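Below, each structure is written out as structure tokens.
After this come two complexes, each holding chain A, first together with chain B and then together with chain C.
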Partner chain A sequence: MSQSVVDVHDLSRSFGDKTALDGVSFRATAGQVHGLVGSNGAGKTTLLKHLLGLLRATIGSVRVFGLDPVRDPVGVLGRVGYLSEERELPEWMRIDELMRYTQAFHPTWDASYARELLETFALDPSRKIKELSKGMRAQAGLIAAVAHRPELLILDEPSSGLDAVVRRDILDAIVRAVADDGRTVIFSSHLLDEVERMSDHVTLMHQGRVTLSGVLDDVRGAYRRSRVRFVEHFDRPPALDTALVMEGSGRTWSVVHNGSIERFRHSVLARGGEIVESRDATLEEIFLARAGRSRPQVEAA
Partner chain B sequence: MNRHSPVVAMLWENWRLTRVEAAQRLGLGIVGASAALVLSDNGAGIALWILLAVHWMFWLSISKLNGGRFLDGYKPGFPLYLLYTRPVPTATFVGVALAYDAISGAALYVVSALVVGAVFDQPLPLFSAALWIVASRLAYTCCQWSTQSRAVQWTTQAIIGLSLFLLLNGRMASPPLIEFSTIESVLMVLLGVVSVGLAIVGVARQRRGDGVATAPRAAGSTGYPDWLISLFRFPCPTSSATKAQVWFELKSSGLPVLTIGLAIAIVVFLLFAISIPIVPMRNAAVSGVMFFAPAMLLCLGGNAFGIRRRQGRTYASTFEATQPYGTAQLARLKVFVRSGCVLVALAMVGISVWASSSLLSAWGTWVVAEGKDTVPGLLRMRGRIGELFGGLTGQAFAAQISVALFAVAAMVASLATFAALRARYPRRVLVAAALLLLYGLVLVLLLSVGPNGITWLLLNAILWATPRIAVAALVTGTIYLTWRSFAERLLTLRAACGAILVSVACAAAAQMFRPTDAVGMLLPALLLFAISVLTPWSLGRIRHT
Partner chain C sequence: MDITINLTDGVSIYRQIVNQVKYLVASGLLQPGEELPPIRTLALQLKVTPNTIVKAYHELEIAGVVHKRRGAGTFVSEGRPQLALRERRRLIEQRIDALLAEAHQLNFTTSDILRMVRERRAAMDETSAEPTAVKRERER
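Now for the complex of A and B:
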């Protein structure tokens, strides 16, 4: 088994009476691109802030490169690149000053890579951060995060503010290049298509808990969406083995299920129905099923 | 107007934002006025001035409506521009804010005056003072909100503020009474009405023209205006993280502090020079010197950690917190850079004051009150200060410089620590402040009873116990913090030994000027050591929440 870059064990965190993280365990190894998916308030940013030492682990433990990021911020942050969701950068700085300032903290800074990215994004180094649009600010923050070629790149909602072209062509390329070098990327996103495109591992969070985590292909392979037709008319969704969410009415129902397809088929036959169509579920369908949401939301009985 | 009307909602919003500040002001006013009545022979007059001063100023916490940036180099004009997006006429949101500000301030004054008056059987003026507060607050807010020209803002405010102050001062009678004539009262009402009208018209103009241009920025304020930071351009060194961080501190706050110090030094000299031909300016020159230095020390030495404020939330910069730099080193560096800059700024002001005071002899005579010439007294004071510094040996002078350096560093560190703890533990700090106020109130009430009975015994017991409790808290707090700092790797043995040595050396240097016993020397050393441990710990609390 490859060495852990990030190891979070049984981490819980509350803010007042709101539980942000509830017994979260999470592991990432070198070379992985790990997508964190979850609805608003699921605890993604709270988890990432723990990895950076911005929040201290009161219950549970966090280790990054085997170190506690709160006790050893220099040891951890020197090997990490981070792009925050708020894109918070000193507004009075110019872009070139931001680059030089960040460079001073990272001996591994690759000036030619930084220049190349500045040209790719068409950012003027003499412009002040406060004069930048939200997207340009995200681009500047991204360069500062990746130009020292960090061993771990943490991106909190990296697509926010970036246009479709930059998102698809440049962000994907940067993330892929980092992973190809054997380094690790952890990013959070609301955009499930982006997670499917960029990551090879996925962790699904809901209400402060990890509801699903694993290799993306394995996760997708474990869930199917099937359309079933019954002879009998059902006012409420019929109980079916391994079904997570059912949508529909009357005789035709659409079901997201996991586990053995044979077991599911037997269950459908036992209720006097048949599987009309079946395919791998998309990540969005899995996400909605695990988060307990669908349109209309109907839990399997 | 029903329960769901925008006016009620906005009034509730204002109350929600200002209620803590209202409670603080109420407590501060009552305790301050009570203390004045107990401790001073002319207590009634001082109590009235304290109450007026506490309730005269607009609500600082209403700025939370727009990210808390009243005093942070905000764009001049109507500061609450987030209200532009509300589907209500300009007159509604401006009128509600103005009315709330003025009436609540006056109401709090009346409540304080009634409480103090009832407890001490000392009637204080109600209606006239409340009218003056309403007119002052409305006029002040109108000057600030109705125009985007800083020159117009501050000129009109200086004229109207000075006029209202002179009016109040002239109508103050003894026992504390404020007697405005009918015409003056009508004029103040008119001033209030005109202020409301002008503010609404001015804000409406800004709403039509500048709504988009003044959209809030994405990140919180960095403290000093951008133009001030941009005055100095020098490249960030890339050879080490410490040099880069020093550059960051100098650019973001250090050099602006020096610039402000230089500007104050020049203004002080100019005021003294202008006062030679223009006699009325002498008041401004002398009172400016008396108030500038301490106010500057507090303002420029504050917030060394760069705690940000946004929409009522206070927090450390994520950008700085995620740089690979140790928390203790960061705290030390921030405090040292800021202290150095404040000290240089203070030195510039001090030299300017000294140079300016040489112009006093050119003033001729300056009669302030009771027909007495004040200039000879000021010249005598200058001579004494000259003798004091002139008589110092080289060793004593060096000791004085080092004591001043550490005093400024201790103040900067304390202010930074307080800001960090207030951001991290706002409720606990609030409770501590309330307890201190309560303690003051209890002392004042016990003193007011006089030297008899059980209350006097109780007062003596409190006065006996207070320093002992304070010392015990200081010792146990320092031990606990030292232990926690070692556990969290904020403190190393080497750093702890260094802090102890510096604290003892500073306390020993202070002995040269005011010799005391061993306890008198140990306490300042302990206090300095406690500050040196508490400061990085507090930054750690806000960096890793």
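Now for the complex of A and C:
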């Protein structure tokens, strides 16, 4: 059994009368990449801020390396690298000052790795942070997050608003952290292809709740997308057992379903239909089925 | 190593890697004894989590397509892997589909194509059966 690096149990959080997190449980295992998916406002950033001790758990519990990040910030933050969504960096510093400043907090700082990344990104160390482009800020923030070779790397929307080149730098940093040092990574993203490529585990959040969580290949294997043809013509999607989302019209419908395939097949047969084609669903199809705004309007059963 | 990841057809990434390596070995594009890229290198190339590559290599090892050498890397094993009948059919059917599509474009019927396939086969057999001296004679 893999060791757990992060353990969040039944965490709830409200800001005013708005519920940001509603009974969230989340676990991150050592040496694995954990992708956190969800639309804006789903609660991803709020969850990550709890891991860093930036927010105190009022209902539920948060443990990172078995420690409470609010009570023991030194024990937690010294071992964590963090890239925030807004890339908050000290604007008045130059890049080399930012490096020295970050180094002061981290005895494990690897100066040659930091230099190597600066060169790879072609960043001029004498540039002021406030003069940097969006992509350069992300690169500078990334170096500050990874150069002390943290045991846990937390990246909040690392690719958001970046061009393909900088996105690739970010993904490379994740691969290196895992491949070279066996580190644990948690990253949030709304780019599903990125999550599917980079994640060993995937957690889907929707309106403050975890709607889906597990090993990516297991999650993928539990959902299928099937094309179904009926003898009868339907104006509305016919009710089918285990179906989550149905698209189509008339006699042909595409269905995302999960759980027992036999139950689904039975249900299709009972409505006078047959499965024409069936394959594993893509992460995007699962995501839409699980976080879709509108449940399909099924005919009255 | 030439591997392409496609995220639209619902096949998991590690499965795509396994299938494509098997194909590269079966078609001779990867030779016995040849080294597969290290996990880190392939993960960086494909932009996928390194654990996926670990899983794919492990499955290829169990299938006997590759083997690990202690302290070295992962190498293609001797002897071509036996692709499952379904897999072999799938590979050849892709080629047939492409052939039929092109034939249709160029106004050949399916029976024309079948006849031409047999003719080509016969021509090949004849060429390889001919003694080298005769072939050289003809080439002059």
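To be clear about the criterion, the second predicted complex is superposed on the first by the 281 of 301 C-alpha atoms of A that agree within 3 Å, B and C clash if a C-alpha of one lies under 4 Å from a C-alpha of the other, contacts with A are read in each partner's own complex, and residues count from 1 in each chain.
One rule holds in what follows: a residue touches a chain if its C-beta (ideal position, glycine included) is under 8 Å from a C-beta of that chain, and two chains touch if they have at least 3 such contacts.
Source: prediction; values computed, not measured.
> Looking at A:Asp280 after the superposition, I want to know if it touches chain B, chain C, both of them or none. Which is it: first, second, both, neither?
second
> Quick one: is A:Val33 in contact with chain B, with chain C, with both, or with neither? Answer first, second, both or neither.
A:Val33 sits against chain C, while chain B stays out of touch.
> Now for A:Ser84: first (chain B), second (chain C), both, or neither, which partner does it touch?
First partner only.
> May I ask you to decide whether A:Leu212 touches chain B, chain C, both, or neither, giving the answer as first, second, both or neither?
In the superposed model, A:Leu212 contacts neither chain B nor chain C.
> A:Ala138 in the overlay: touching chain B, chain C, both, or neither? Say first, second, both or neither.
After superposition on chain A, A:Ala138 lies in contact with neither partner.
> Thinking of the overlay built on chain A, is A:Leu244 touched by chain B (first), by chain C (second), by both, or by neither?
neither
> Identify the overlap between the chain B-contacting and the chain C-contacting residues of chain A.
On chain A, the chain B and chain C contacts do not overlap at all.
> Which of the residues in chain B end up touching chain A in this complex?
Answer in residue numbers: 217-220, 222, 226, 229-230, 235-241, 243-244, 247-248, 251-252, 317-319, 321-327, 488-489, 543-545.
> Which stretch or stretches of chain A touch chain C in the complex?
31-33, 168, 171-172, 174-176, 178-180, 193, 196-200, 216-217, 220-221, 225, 279-283, 285
> Which positions of chain C touch chain A when the two form their complex?
Those in contact with chain A are residues 5, 7-14, 39-40, 43-44, 46-52.
> Quick check: in the complex, which residue numbers of chain A touch chain B?
Counting only chain A, the residues touching chain B are 52-56, 70-78, 80, 82, 84, 86-92, 97, 100-106, 109, 130, 134, 137.
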